[in-house]
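Got some structures for you, see below.
One chain, chain A, appears in both complexes that follow, with chain B as partner in the first and chain C in the second.
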Partner chain A sequence: MAMRNAYVDQFPSEARLISAAFWSSFLALAIGGSLGLVQALHRTDYLRFIDSVDYYTVLTAHGVLLAITFTIFFLVGIFTWAVTTSLDRGLEDLRFSWAWYAMMVVGTVLVGVSILGGVVDSIDMQADVLFTFYAPLQAHPAFYVGLVLFVVGTWLAGADWFRTWWAWRGENPDERIPLPTFMTLTTTLFWYLCTLGVALSILVLLLPWSMGIVDSVNPLLSRTLFWYFGHAVVYFWLMPAYMMWYIMLPKLSGGKLFSDPLARVVFVLFLLLSTPTGIHHQYLDPGIAEGYKFIAMTNTMFLLLPSLLTAFTVVASMEHGARQRGGTGYLGWLKALPWRDPVFTGMALAGLMFAAAGFSGMINAGMNINYLVHNTWWIVGHFHLTVGTAVALTFMAAAYWFVPQVTGKQLWNRSLALGQVLLWFVGMTFMSNAMHRSGLFGMPRRTAEPQYQGFNFEPAAGTVGEINAQVALGAALLTIALALFLLNMVMTTIGGESDAIPDNTYAGTLSGPEDAPVVLDNLKLWTAIATVLVVFAYTLPLASIIDAGGLFGPGIEGFQLTIGIDPAIVLESVREVMP
Partner chain B sequence: MNIHTYEKVWLAAAMVLIVGFIATITYGAVGPGIAMIDDEAGSIDPAEINDDERFAEPGVEHVGGNEYEVTVVAQAWSYSPAEIEVPANSEVTFYVTSRDVTHSFSVVGTNVNTMVIPGQVSEMTVQFDEPGEYGILCNEYCGEYHHTMEGKLNVVPEDEFDLTELSVEAPDEVDAGNETTITANVSNGMQEDLETTATLEIGEQQSERDVTVAGDSTEQVEFTVDTADLGEGDHDWTVTVDDYEESGTLSVVADDGNASADGGDGDA
Partner chain C sequence: MASATEKQETDRVREIGHDEYDPVGTAILIGIYFLILVLLWLFMYFVEFLGNGPTVVGALQPVLLGVGLA
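Take a look at the complex of A and B:
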């Protein structure tokens, strides 16, 4: 029998760490995804078994668990795999690695418990502030502390990858950085750059304020610092998915990556442009001059470039693979792709959805068209295509390959896996399309009961009832797909070891790193330019916000409009102050 | 670096697309004048809203010609005013601020949509060409009853629109045999003169007075009521100015020399 050469055989200790990260991620997906169904049924009024005031606790958990916990735990696993595999060396010190993992877990638990306090009376905390935690809505300090621990955990993870690379470079001074490591490092660099904003916002403004050390907050300042991080974080989710499309999809298609140099250019562009774009989430914010919004808009449009280049490279690589497998014809080669492989099909469908998301994203990015859709369900439709599918479906498909790699156990049921990725695709088509349409007639996001007393929504085509039915149907299909995914993962993990695990490899390249100018590997240079761009984009707006509202705000004290207060009393006190 | 020809073509097409987008949006911003929400309207201390010149009495104001200003205060979980009326063919500038947390002010199905951030004033100018009714909603989470936060915007035909207000001062009680006065305060929020008629009906009697109220001011119209014509007992009265009316009851009582004749104001 041939020697098995899976990841777990090469790096058994790292494999355990990656498994742990994956399972933390799946757990978050399981809980967060189920809450998604609760939300969809509640909003559309198909089934309301929670109180509408608790809807926002549920939504906070859904946002945090999926957008932060699920994605980031999975990607630290992937990046650890990428660095160790492509450098062919283990992490420097596993104790350090487990320490950052533990820190992320503790952070998540703190955040989770403080959110749970919103519905469980015996926990004397609340964090009904949604995953954007806009001040002066105020959460329990544990929520902010948890977020900081989680982020610092990811910083240390990044340090771990850098350490490994430095050690490798010491032994291989003249070699190019292998592509998967290059992708990991550039992503880590912009992650450092962007999380600085949210860390400052939490440590300097929000945490002291929630603990009563300072008694006021500047809402626009903390909001701007949030979005300084909030756009780049979407690329943090997306880069591991891109990595999969660059280095796994070509291999799965039976070919090679079209161009290593172009892949490097793409990741450098993301390093440069991810952060100085955040103000595009604030097109509708008062207190920020139009010129700064314009700069963010221009940068955002240029961010289309690396994604368009990716579309080209990925499709070209797949075509190359298909032709290697005997595919012919103008489009006929598509038939030669391995559509029965859930890993390939899941990633390909995820990529397809990302292309669709690109179109709605261009609408969002347009400063003035944005007015029509800002904070409507259009946006929610958009990011369920991006993070909810391009990222989440790529991760689930990747898990079908990775979990066997890190456990040495064969995927329990391949056909089920194939059905699962298809079902997710179909479910999301329904849900997301209906959400996009809702947004066009003004259906707001983040709203427990979007049914109003004084007016009705008027869709240009179709009816609100029909659109709601599609949301509910889509959500139900997605939840089934989610359950099938988890079932497959559990059964795989409790199954026995197998010798039939493929080797741990990734795609070769048609045009290799030798074609890429050496300057592309100069991470210091790119980091410096990225920093300068951020300074250009943010210094003046931040200065004018602080100048107008003060670092700690003009006596804006904070509100917990959510715990244990009788709404009648609140309404009354509001009426009293009303002129 | 070795770049495939197709890749070069794609790269060029991508750049053209991007520059095209930027050009279109720039044109949209400076050309047809789709202005962005920005920092022009300045900042405000939420604790001082009630003393603020602009926000102390939120509502609709006429600036002149077809231009109007509407000030709105958002708070958990309502807007003041909850219902806004403006005429068609008008240019309306909204000023919105928040008393507590971040809200939005979003006119459903239009691109009138802004974040309302405590400490900041959102300003936007909108043309309303046709009459219509719009819902207003808050699309930014603002606490546990966020989903109940709504308002209404009515754009009415020009000839049905005015900013006239009527408030009447009348005593509740008067001694039989005395004369008393019912005063109608007619205020005109428009910048042009308002020419109208105030009518008082009381008992079987009716009196009319023509009145001209200058722009942005108030006129008092006094109706003298002689109880001798009415006789003892309760008498319902109604003051009417255009579509506005206010009613009350005047009691004419026998003079037993004990109560004061001045019963106070009619309910305003």
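Take a look at the complex of A and C:
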């Protein structure tokens, strides 16, 4: 019998850390995902067993647990694997690594408990502030402290990957940075750059305000600092998915990565452009001049370049694999791809959904067209294609390969895994297309009961009932897919060790790093340019926001949803802004 | 550092090197994707400009009237 050479055999200590990070991620996925079904049934009025005020607690938990906890715990596992595997050396000090993991866990628990306080009376906290925690919605200080701990944990994780690379570079001064490490480091660099904004927003504005140290907040300033981070965070989730498409999909397809230099260019472009684009989430915010929004739009449109480069490189790598497996013809090679492999199929379908999300993203990015869909369910449809499928489905498919690697146990049921990724794809097709379409006729997002007396939505095609049915059906299929995924993971983990685990490898390249200009590996240069772009995009808007509203705003007190808002006050404030 | 990169592939029936490989199928798929994007952009013109009155400007009051707030 051949020697097994899985990740757990090469790096047993790191494998335990990655395994723990994965399970933290899966737990968040289980809770956050189930809450999604509650929301879908409530909004569409198929089944309402929670109070509509509690809808916003559930929505906050769904957003934070899935967009922050599920994604980031999984990606710290992936990045740790990428650095250790491609540098062929372990982390420098496992005590430090467990410390950042523990910090992320403590942060998550604080955030989770404070959100849960919105529906559990015995917890004297609340954080019904949604994923974006816009002021003047105000959360318990524990929510903000938890977020800070979580983010600082990720900073330390990034430091861990950097010090591993520095140690390797000391011994290999003339080598190119291996591609998976290069991807991890560039992603970490823009994560440092963008999280500065949210750290400032929390530590300077929101936390002191929630603790009563200052008695007012500037909502526009905190929103702008949030989106300074809030768009880059989507690339923080997406880059590990891209990494999987670049270094796993070609191998699974039976081929090689078409071009290592192109992959490096793509990751450099994301380092440069992820952050100075955030204002495109604020096209409808009064108080930011159109010119600044136009700069953000231009930067956003440039981001299409690395995404389209990725579409080309990844598909060309798959085609290379298919042709090596005997595929022929203009499109006949598609049949030669390993469609029965859940890891391949999950990632390929995730990529296909991402292509559809590319179109709705272009609509969101255009300033004038954005007005049509802003704050509607279109946006929710869009990000269920991006983070909800391109990222989540890639991660689930990746887990079918990674969990056996880090545990030494064979995947419990491959056919079930294949069915699961297909079911997710079908469920999301139903749910997301209906969400997009309902946005076109103005159905709002973040609304527990989008049914109004004396007013009917008028879809151009189909009916509101049909759209609601598709959303509820889609959400139900997604929940079943989620349960099947978790079942497979649990059964795999409690199963016995197996010798049939494939070797821990990633794709080779047709055109390797030797073809890439050396300047691509100059991380200091790219970080400096990224910083300059951020300074250009943000200095004037931030200065003008502070100039207009003051650092702490004009006497803005916090709203705490669960504690209750008198409807008469809401009506009065609406009347105040009416012409 | 290529020690961890893939060396063996069981289902491979032939080896295609960098110079023999011409990703024509990829060009076709990307072409189809661009065509879809162009058609959707054309369709958007009808949704955005012909399907609605002017957005934002003057849109608040009718909506609020509709839901009975004003």
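Points worth noting:
Just so it is clear, the second predicted complex is superposed on the first by the 561 of 579 C-alpha atoms of A that agree within 3 Å, B and C clash if a C-alpha of one lies under 4 Å from a C-alpha of the other, contacts with A are read in each partner's own complex, and residues count from 1 in each chain.
One rule holds in what follows: a contact is a pair of C-beta atoms (placed from the backbone, for glycine too) under 8 Å apart; a residue touches a chain by one contact, two chains touch by 3 or more.
Given the structure is predicted, the values throughout are model-derived calculations rather than measurements.
Residue contacts after overlaying the shared chain place A:P517 against chain B, while chain C stays out of touching range.
In the superposition on chain A, contact is made by A:L87 with chain C only, not with chain B. In the superposition on chain A, A:Y134 contacts chain B only, with no contact to chain C. A count of residues in chain A touched by chain B and by chain C gives the higher number to B.
When the two structures are aligned on the shared chain, A:F559 is found in touch with chain B, with no touch to chain C. When the shared chain is aligned, chain B and chain C each come close enough to touch A:L372.
Judged by the touch definition given at the top, the superposed model places A:G454 against both chain B and chain C.
When the two complexes are overlaid on their common chain A, residue A:F258 makes contact with chain B and with chain C alike. Look at A:A500: by the touch rule set out above, it reaches neither chain B nor chain C. Contacts of A:A316 after superposition on the shared chain: both chain B and chain C are touched.
Overlap of the chain B and chain C interfaces on chain A: residues 258, 284, 308, 312, 316, 362, 368-369, 371-372, 452-455, 511, 571, 574, 578-579.
Chain B makes touch with chain A in their complex at residues 1-4, 6-7, 10-11, 14-15, 17-18, 21-22, 24-26, 28-29, 34-39, 41-43, 45-47, 50, 56-58, 73, 75-78, 80, 99-102, 104, 106, 108-123, 133-135, 137-148, 150-152.
On the chain C side of its complex with chain A, the touching residues are 1-7, 9, 11-18, 21, 23-26, 28-30, 33, 36-37, 40, 44, 47-48, 51-52, 55-56, 60-61, 64, 66-70.
Listing the residues of chain A that touch chain C in their complex gives 85-88, 172, 175, 178, 251, 254-256, 258, 284, 308, 311-312, 315-316, 319-320, 322-326, 329-331, 333-334, 338, 355, 358-359, 362-363, 368-369, 371-372, 440, 452-455, 460, 504-512, 571, 574-575, 578-579. Across the complex, chain A meets chain B through its residues 52-53, 55-56, 59, 128, 130, 134, 136-137, 218-220, 223, 258-259, 261-262, 282-290, 293-294, 297-298, 301-302, 304-305, 308-309, 312-313, 316, 362, 365-369, 371-372, 374-376, 441-442, 444-450, 452-458, 511, 515-517, 544, 548-549, 553-556, 559, 561-562, 567, 570-571, 574, 577-579.
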